[in-house]
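Two complexes come next, and they have one chain in common, chain A, joined by chain B in the first and chain C in the second.
Let's turn to the complex of A and B:
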């Protein structure tokens, strides 16, 4: 059954944080101000690569109203950050490696004064040759950006004899795919308020996808115990991976501690573009071959990823890409070589899809090209090579078995959109002769969780509070995805609580347990797992205490809206508030576990996967080469739908981002400098692009005995659209696309009116 | 030091002249230290991007009464330079008599910008997306130079813009009435192509205003093309090729060739010139084909 408001019935709920968000009543963290606060700003390098000869701050410091000017000399702890490998300088010492590199920061009484103070910091640079191309960076004669060279990470994987397998191939396709430097474009740019407290602690109000990770990194920079730092991190005005790494927090924290006053920092869009993360541009060369019947024999892949100047999660993204360039298909032999390369381009990092978007665009492109060589229907061709439920994962690792691959494969030809395609030939031609219609489809197998070898804790806590609330505390973040709504819905549906009984606590390191990060499509899965683990102990504690208070056997009681109810009649017997008063001891249950992983050594291997098939219908205007997405269908096999609105929103929102990735988004750089400096040139889709039809079919069934419950859906909607559109464009105008965003010029044709006159429409 | 702080934190002085002559006097007095400001939608993007520095003095043209009206006058539509784009879009006289301009205005920026930006600002920018439409409509411009009013053709303003401190007060559009007894038809077309469907800078804009005679030949035609930083221009070779003829596939192919040569876009970092030339030529011939050649039963 398609997922929408109508089919969801009463499960379609108004999300608790919805009204304050859509009315603008809700204060985001970057909306916060306090009396007496200072305004912080960061001085960033104008050069993509330069040696710092000297930094003089005297003139800025001498300005009235300027309270601090900090440089690398003023960092008490580690002058570096980076979730996986801290090599990103808080303040550069002797060298800048990209146009966002920070050199100094100021705190002043007004934002205008702070801006003026930045101008008075005198930095002498000696420009160095710019390494703006990863292939060039790999050459021996390229300038070395780090002591250990320009290779950030390599990851190779192979099985079978790939040379031998290619020799046996009847058909071989080779192509190089390239993908853009996509920007997250969260509505709320990076920022926050940093408050030195009277007790000596520091409170950081600043969005992040993992408050405890920020706390650890800030403790390292500030050289203070983690317990002296409180990170308040939700609500967040969008993140999509872009705020998982530290951004302004080191500067806000250092300035607040240096001045003893609250400091506010909030990036302008220009600064956000310049300093913020982007999706890794990748060049992926694939050579793939089949036998005469269409069975895949050989697959050779080379991935070159542009990491920009520092590590953040570039190695992990590359590992993810290596897994996903193999994907859901079976080969006789395969060989993947991959490298993530330091350059003087902008910082690349975590972004929804995490390297899967680039990998799967290439892999699905190969499938469509091979099917054509074979003269086969591309969807039927995929079926021949598709994994079976008990097959190992892409890297040969055991994975949780599901039938998702077959299920989404079968759902696509049965969809309204695909049945329409079958009839399309008989239908009327488009209104204008220069408009061409095409259909395309793609298959996605996408891993969730951080993978083998990376600590991936999960957990949560339920408490009956003294004021009679059921408090659910999780270390996850709300960044628009509907996390609070999903948690509330699970508590109502699984325990029987009413929404008024609940208090949800997230995004505050002083108040939440270690639940791990809100990344990698993991939070909803892990909240579901946590509640499953907490359900029996917490329910029995509540019912036990109630039984004692009511002098009734526990099995005559159940949890319900407002309090403990008679199991048979539903009559309210004891309100939660009263239960809290009567309970002999506080009722608190906590669980702590880890995201499930495959029992292998290979770092980054995933264990839980979601599957999706995507079908699209596009219209290409051959006068302008512009592509319109008219209709899309997504089948998603990811276990039960926890929150229908959140599920639909994730697939729709992911698809919208993927449309931008496919048709228009690219943070264009020239010699290490952004040409797209603001949203007037970096264009993302508007409602005008997103008004086509949209259907989502969730496939909820899981194998009997499956213990893992709902799988991640936060990223999968952003992955399959690009290859599906590329194939639909080919179907429409016969032009193959290997580079995103699609270049309209390649799709243009001079209108031929001679033929129109001979055959009037 | 205190003075310096004040200097740093000063806001620009905003001058509010009561008539165009006063505005011109202020501009003459301040020279490069002042700019005229109307909706300021373009200026603010330039100030924010650092491509222009906010000068110490802003001359607020919106304070001059009587410059925002839209009226029919002696066979002309007179659009006050301070008329907001969205007021132009919604004005019944413009919708009726200058639908080409309304079509162009609908596609400028986004709604919130059109609520503030003025038609005069779009003209003074020279590369505004309304300009090809104004060229195709043979618009004239009223300027006040401090002593009196002078009218010039919009083509003259685009060809050789005067740098004199003068204020644009109105845009005049001739009203071309169809002769009630003839079978002549007036048609128009406007197309804008950017890198997305809405709220986008243009890469290519084309505007066509044409009249066909009873025999199906083209009695009158003006084709203008612009886009991005390209100063819009009439496509005179294409016009000459079409005038007096009834377009067919062969003629359209010649028009296509003519536009590829006539249309010279100013460089854009996000689109190749070859793409923009092809787009302009394709859009023009497709519009002509729809109007003059498409089999009648297919005309919607």
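Let's turn to the complex of A and C:
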């Protein structure tokens, strides 16, 4: 059944965070201000690569109204950050490696003064040769950006004899795919308010996807105990992976502590562009072969990923790509070599899809090209090579079995869109001969969770508070995905509480347990698993206390809206407020566990996967080369739908982002300098590009005995659209695309006006 | 070196206008943008700052009923005019019908573009209660949303049109 408001019935709920959002009353952390606060700004390098000869701050400091000018000498602890490997300088000491590198920061009484003070900081640079191409960076004669060279990470994987397997192939396709430096474009740029408290603690109000991780990193930088720092990190005006790593928090914190006054920072859009993360541009070369019947025999892959100057999660993204260039297909032999390379380009890092978008664009491109060589239907060709429910994962690792691959494969040809395609083949071409229609499809198998070898804690806490609220505390963040709504919905549906009974606490390190990060499509499934573990103990504690208070056997009672109810009649017997007063001791249940992983050694291997098939219909205008997306269908096999509105929104929103990745988005750099500085030249899809039809079919069934429940769907909608569109464009105009975004010029076919003959379809 | 702070300090003039139905009289320097006046001086932070160059629509407000990017509007230009921000749409606790439709259809996720989007939808429907798809596209293509893919927004707009601007609060 297609997912929409009508088919969801009463499960389609108004989000608890909706009213303050539609009225503008919700205070985002960058909306906060306090009397007497200062304004912070960061001085960043104008050069992509240079030696710092000297930094003089006297003139800036002498300005009236300027309260602090900080450099690397003012960092009390570790002058580095980075979630996985801290090598990103808070303030550069002797060298800058990209145009976002921070050199100094100021706090002043107004933002205008702070901007003026930045201009009066005198930094003498000696420009160095710029390494702006990862292939060049790998050469022996390239300048070394770090002591250990320019290779951040390599990850190779192979099985079988790939040479031998290629010799047995009847058909071989080789192609190099390249993908753009996509920007997250969260509408709220980075920022926040940093408050030194009277008791000596520091409160950080700044968006992040993992408050406890920020607190750990800040403690390291500030050289103070984690307990002395409170990070308040939600609500967030969009993140998509981009705010998981630290951004302005080190500067706000250092300035607040140096001045003893609250400091506000809020990045301009260009500041966000130059300093912020982007999706890794990747070049992926694939050579793939089959036998005469279409069975995949050999697959050889080389991935080169542009990490930019520092590590953040580039190694982890590369590991994810290695797994996903193999994907859901079975081969006789395969060999993957991959490398993530330091350059003087912008910072690359975590972005929704996490390396899967690039990998799957290439892999699905191979499948379409091979099917054509074989003269087979591309969808039928995929089926021949598709994994079975009990097959190992892409890296040979045991994974939680599901039949998702078959389910989404079968759903696509049965879709309205695909059946329409069959009919369209027999119908007349569009009226205007320069408009060409095409159809395409793609298959996605996407891992969730952080994978083997990375600590991946989960958990949460339920409490009956003294004021009679059922408090659910989780260390997750709300950046728009609807996490609060999903948690509320699960508490109502699984326990029987009413929404007015609940108090949801997230995004505050003083108030939440360690639930791990809100990344990797993991939060909803980890909340579901937490509640599953908490359900029996918390329910029985509540019912036990109620039974004692009411002098009734517990089995005659149940949890319900407003309080404890008679199990048979539903009559309200004891309100939660009264229960809290009568309970002899506080009722608190907490659970703590880890995201399930595969029992293997290989770092980054995943255990839980979601599957998706995507079909699209496009219209290519051969006069302009522009592609319009007319219709899309997404089948998603990820277990039960927790929150229908959230699920639909994640697939639609992910797909919208993928449309930008496919047709228009690229943060263009030249010699390490951003040419795209704001949203006038970095274009993202508007309502005009995304007004086509859209259908989502969730496939909810899981194998009997499955213990893992709903799988992640936060990323999968952003993955399959690009290869589906590339195939649809080929179907429309016969032009293969291996480079994103698709270049309109390549699709233009200027009619021969002299002969007055316009080629019909 | 040019000291732009001098300009900031130069003779504030008196701005008299109406903001969300209330007459205000404020001393405002000629360099002050409407966006900063609203957010920083009046704490009306429902109007959002995002691109500062009029490309994203997060700062959209109504001036005499027409939508304007407040990042491209100087405060003094509102002299004698009526400015309505997102905070001015709901009456007491009663949401404006467009807000109600966004709430019910889920026409938002992170919510950061939502105030500007709702302001633009209200301006469109006030001027044209039965817009065509092309007119909706024209009216809303200056409001960027990065979360929803616009699906929920289109459903919210469709519902607002359907209910003739009178979506029930029941």
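By our rule, the second predicted complex is superposed on the first by the 750 of 761 C-alpha atoms of A that agree within 3 Å, B and C clash if a C-alpha of one lies under 4 Å from a C-alpha of the other, contacts with A are read in each partner's own complex, and residues count from 1 in each chain.
What we mean here is this: contacts are C-beta pairs under 8 Å (C-beta built on N, C-alpha and C of every residue); 3 or more make two chains touch, one makes a residue touch a chain.
As the structure is a prediction and not an experimental result, all values here were calculated from the model.
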**Message:** Applying the document's definition of touch, where does A:112 land relative to chain B and chain C: first, second, both, or neither?
**Reply:** both
**Request:** Tell me which partner A:570 touches in the superposition: chain B (first), chain C (second), both or neither.
**Result:** neither
**Asked** Quick one: chain B or chain C, who's touching more of chain A?
**Response** C
**Prompt:** With the two structures laid over each other on chain A, which partner does A:389 touch: chain B (first), chain C (second), both, or neither?
**Reply:** neither
**Request:** Could you say whether A:686 touches chain B, chain C, both of them, or neither, answering first, second, both or neither?
**Result:** both
**Message:** Going by the contact rule set out at the top, does A:678 touch chain B (first), chain C (second), both, or neither?
**Reply:** both
**Request:** Identify the partner contact of A:5: answer first if only chain B is touched, second if only chain C is, both if each is, neither if none is.
**Result:** second
**Asked** Does the superposition put A:623 against chain B (first), chain C (second), both, or neither?
**Response** first
**Request:** Answer with first, second, both or neither: which of chain B and chain C does A:143 touch in the superposed model?
**Result:** neither
**Request:** Classify the contacts of A:553 with the two partner chains as first (chain B alone), second (chain C alone), both, or neither.
**Result:** neither
**Asked** Following superposition on chain A, which residues of chain A contact chain B and also contact chain C?
**Response** 110, 112-113, 116, 268, 678, 680, 685-688
**Prompt:** Considering the complex alone, what residue numbers of chain C touch chain A?
**Reply:** 1, 3-5, 8, 39-40, 43-53, 55-56, 58, 85-87, 89-90, 95, 99, 102-106, 108-115, 118, 133, 136-137, 140-155
**Request:** Please give the residue numbers of chain A that touch chain C in the complex, ascending.
**Result:** 5, 12, 14-15, 17-28, 30-31, 33, 110, 112-113, 116, 119-120, 184-189, 235-238, 240, 266, 268-269, 479-482, 645, 648-649, 652-657, 659, 678-680, 684-688, 690-691, 694
**Request:** Under the touch definition given earlier, write down the residues of chain A that touch chain B in their complex.
**Result:** 63-65, 110, 112-113, 116, 268, 270, 431-432, 434, 622-626, 628, 663-664, 668, 670, 675, 677-678, 680-681, 683, 685-689, 744-745, 748, 750-754, 756-757, 760-761
**Footprint of chain A on chain B - complex, ascending** = 1-2, 5, 8-9, 45, 48-49, 193-201, 204, 248-250, 252-253, 256, 269-272, 274-275, 278-279, 281-283, 285-286, 289-290, 293-295, 297-298, 300
